[in-house]
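In order of appearance the chains are A, B and C, and numbering begins at 1 in each one.
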Amino acid sequence: VVPTIPPPESDDDESWVWNQIKAEVRRDAESEPALASYHYATVLSHTSLSRSLSFHLANKLSSSTLLSTLLYDLFLQSFSTHPTLRIATVADLLAVRHRDPACESFSHCLLNYKGFLAIQAHRVSHILWTQSRRPLALALQSRISDVFAVDIHPAARIGKGVLLDHATGVVIGETAVVGNNVSILHHVTLGGTGKAIGDRHPKIADGVLIGAGATILGNVRIGAGAKIGAGSLVLIDVPARTTAVGNPARLIGGKEKPSKLE
Amino acid sequence: VVPTIPPPESDDDESWVWNQIKAEVRRDAESEPALASYHYATVLSHTSLSRSLSFHLANKLSSSTLLSTLLYDLFLQSFSTHPTLRIATVADLLAVRHRDPACESFSHCLLNYKGFLAIQAHRVSHILWTQSRRPLALALQSRISDVFAVDIHPAARIGKGVLLDHATGVVIGETAVVGNNVSILHHVTLGGTGKAIGDRHPKIADGVLIGAGATILGNVRIGAGAKIGAGSLVLIDVPARTTAVGNPARLIGGKEKPSKLE
Amino acid sequence: VVPTIPPPESDDDESWVWNQIKAEVRRDAESEPALASYHYATVLSHTSLSRSLSFHLANKLSSSTLLSTLLYDLFLQSFSTHPTLRIATVADLLAVRHRDPACESFSHCLLNYKGFLAIQAHRVSHILWTQSRRPLALALQSRISDVFAVDIHPAARIGKGVLLDHATGVVIGETAVVGNNVSILHHVTLGGTGKAIGDRHPKIADGVLIGAGATILGNVRIGAGAKIGAGSLVLIDVPARTTAVGNPARLIGGKEKPSKLE
């Protein structure tokens, strides 16, 4: 039932993706009775992707003092009143399915990718931040860091179609901006240099690929389609469609000679 | 109610900080009813910083087999009978507030900074270690690593006024020593070379700043006020007030030309 | 009761190790009443190492939707029907005890080493994968990544006698192979370059040592007994008994001049 090639990204395929997810999970629940109750509670009992995602995030992020009921209401209300969040969720699901060869299905991503889940929860914390509900936004950031080992400041702005692969150890600072269709591997830092206050974090344009363990520091610009090599330390601007590698990173050319990246 | 500049560090401002925290949390609980019960249970219902911190740590670190009641008693008893632990907690709170531009308030740190919480729990595991209660110290280390992704051996000695920023992936070995007023970013390793036994881990003097992802290996000395660049691999002594960067790290000068760091 | 030097590795010392563990835990339970109930529930109440390990893993990896009873049955059945899993568990316990100077006892490793626990759970997810129970295998991978910050694809093949030290942030891709008696420090990536599909991950031969934060990408071969320096970025084959260091890594010689590693 899962097509090999998902449809092109668009703003209105939420119901298409949700139907795919339900079909995948129904098939899996039949073939794996041990997961049937988990699949029913997390996906099949829900009437929309937003409800399923809110339930799953609330269960993952709840604690003895931050109850899952509180978190479920918070997530569902945010997804319901902000269609851009739902559009971004769908774009992220399509991005993971397109770009990660280890991704089996949309439901695999929804249920199991902590990078995907961390971004969805971050977007809610960002909404709270813009609403001046800072204590709740920061509490959510903290739970995301505890549970997924992904630390994204609520003020950071993250585009859609973003893949956070493996995700452990990702740190994204307060004034960082990440564009659309960006892929970020694990252990990546978008941080400050420690010498500046105010606008002090990287700006990542659309379509950038940042390899595992890369550290990008300061208010630098990484141009559209640039590639940052694994383990690089980037303290300078990187032009569009250019590759940067090394510690400290040097630019090694544009589209024609990309370096190895993941 | 939060002053822009906290008072200078001293050994007797525990009650001042605790009053600040309560005032901050009262204000936040009023503006954010969704957190009121969490704020009451974690802060406002307690009669001291030690009790609030013990409750919060016990909830975070408990499991189905290590009950929160056991951990609460353990933390509270340690903080009650070791005033140096309480002094260090206060110094850490002041340090985070001073040095991290993303830190909103003392309560933000107390409630949400896993690096801060990991250090407080580590200090209790260190007390247990010195009391020859090794199995309990090691169980606590393991829970801290599971919950906060911070792995500090109970025997390691950590000073006061320490900032562990973001904290994910920090590893500090058995014979490491960290001085006062040290700042350590995420993914930092104070490890062994794998070739030595016995005293085999780094000694970090006061006021050192260690950038994200830096790896310092072996029984080397990092002098007071030195700066270790992000992503560096340090296998040698670094003199006081000197900066080391690169893989392997080279020394690039003293106070006058510090390199970028976070 | 714990001998300083464990017996040589063999396929039949499961009962010897299990008896050691019980003796250690009995001694610890006596000296530390605070842990007596934990020690009884996790070790002393069980009739075999497989049952104790299954109970401990199930407690660690359970969630509100993946119940510990389900996981316990799953682990115990896998260990019961696959003797090679039990042999590998014992070899891992011996390896940690031999190679990690911070390891106090077999029970210290069994109870507290998240790298050890992550590998044991991975081996069960690998069995599920080979049985075409992919949704369950992937759910287990996801829980291991959430709880231990170790992300090993269920399809990856891991040998026995493997030490995953500290373990936070380890990522091992779908087509990676890790031989016997390999030591892997924290933050190590065995990943893809992002440019290939199919067989795209490293092959690590027996006895390799991979330092903290090393990133090995692509379908490259790391020969038997090779050493990969901390923080290295390896994109090429490394011959047997050769050391590779740096970003990008260069080969710096064989057995006679090994570089520092952890």
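In the analysis below, contacts are C-beta pairs under 8 Å (C-beta built on N, C-alpha and C of every residue); 3 or more make two chains touch, one makes a residue touch a chain.
Quick caveat: nothing in here was measured; it's all calculated off a predicted structure.
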### Query
After a C-alpha superposition of chain B on chain C, what does the rotation angle come to, in degrees rounded to the nearest 5?
120
### Same vs different contact residues, chain A with chain B, by half of numbers used
different
### Task
Between chain A and chain B, tell me the centre distance in angstrom, where each centre is the average of that chain's C-alpha atoms.
28
### Message
Two or more other chains touching the same residue: where does that happen in chain C?
### Response
149, 168-169, 187, 213, 231, 247
### Task
Would you mind writing out the residues of chain C in touch with chain A in their complex?
63-66, 70, 74, 133-136, 138-139, 141-142, 145-146, 149, 151, 153, 168-169, 171, 173-174, 187, 189, 191-195, 197, 200, 213, 215, 217-218, 231, 233, 235, 247-248
### Message
Looking at the complex, which residues from chain B come into contact with chain A?
### Response
28, 31-32, 34-35, 37-38, 41-42, 59-60, 62, 68, 101-102, 104, 108, 111-114, 147-149, 166, 168-169, 183, 185-187, 209, 211-213, 229-231, 245-247, 260-262
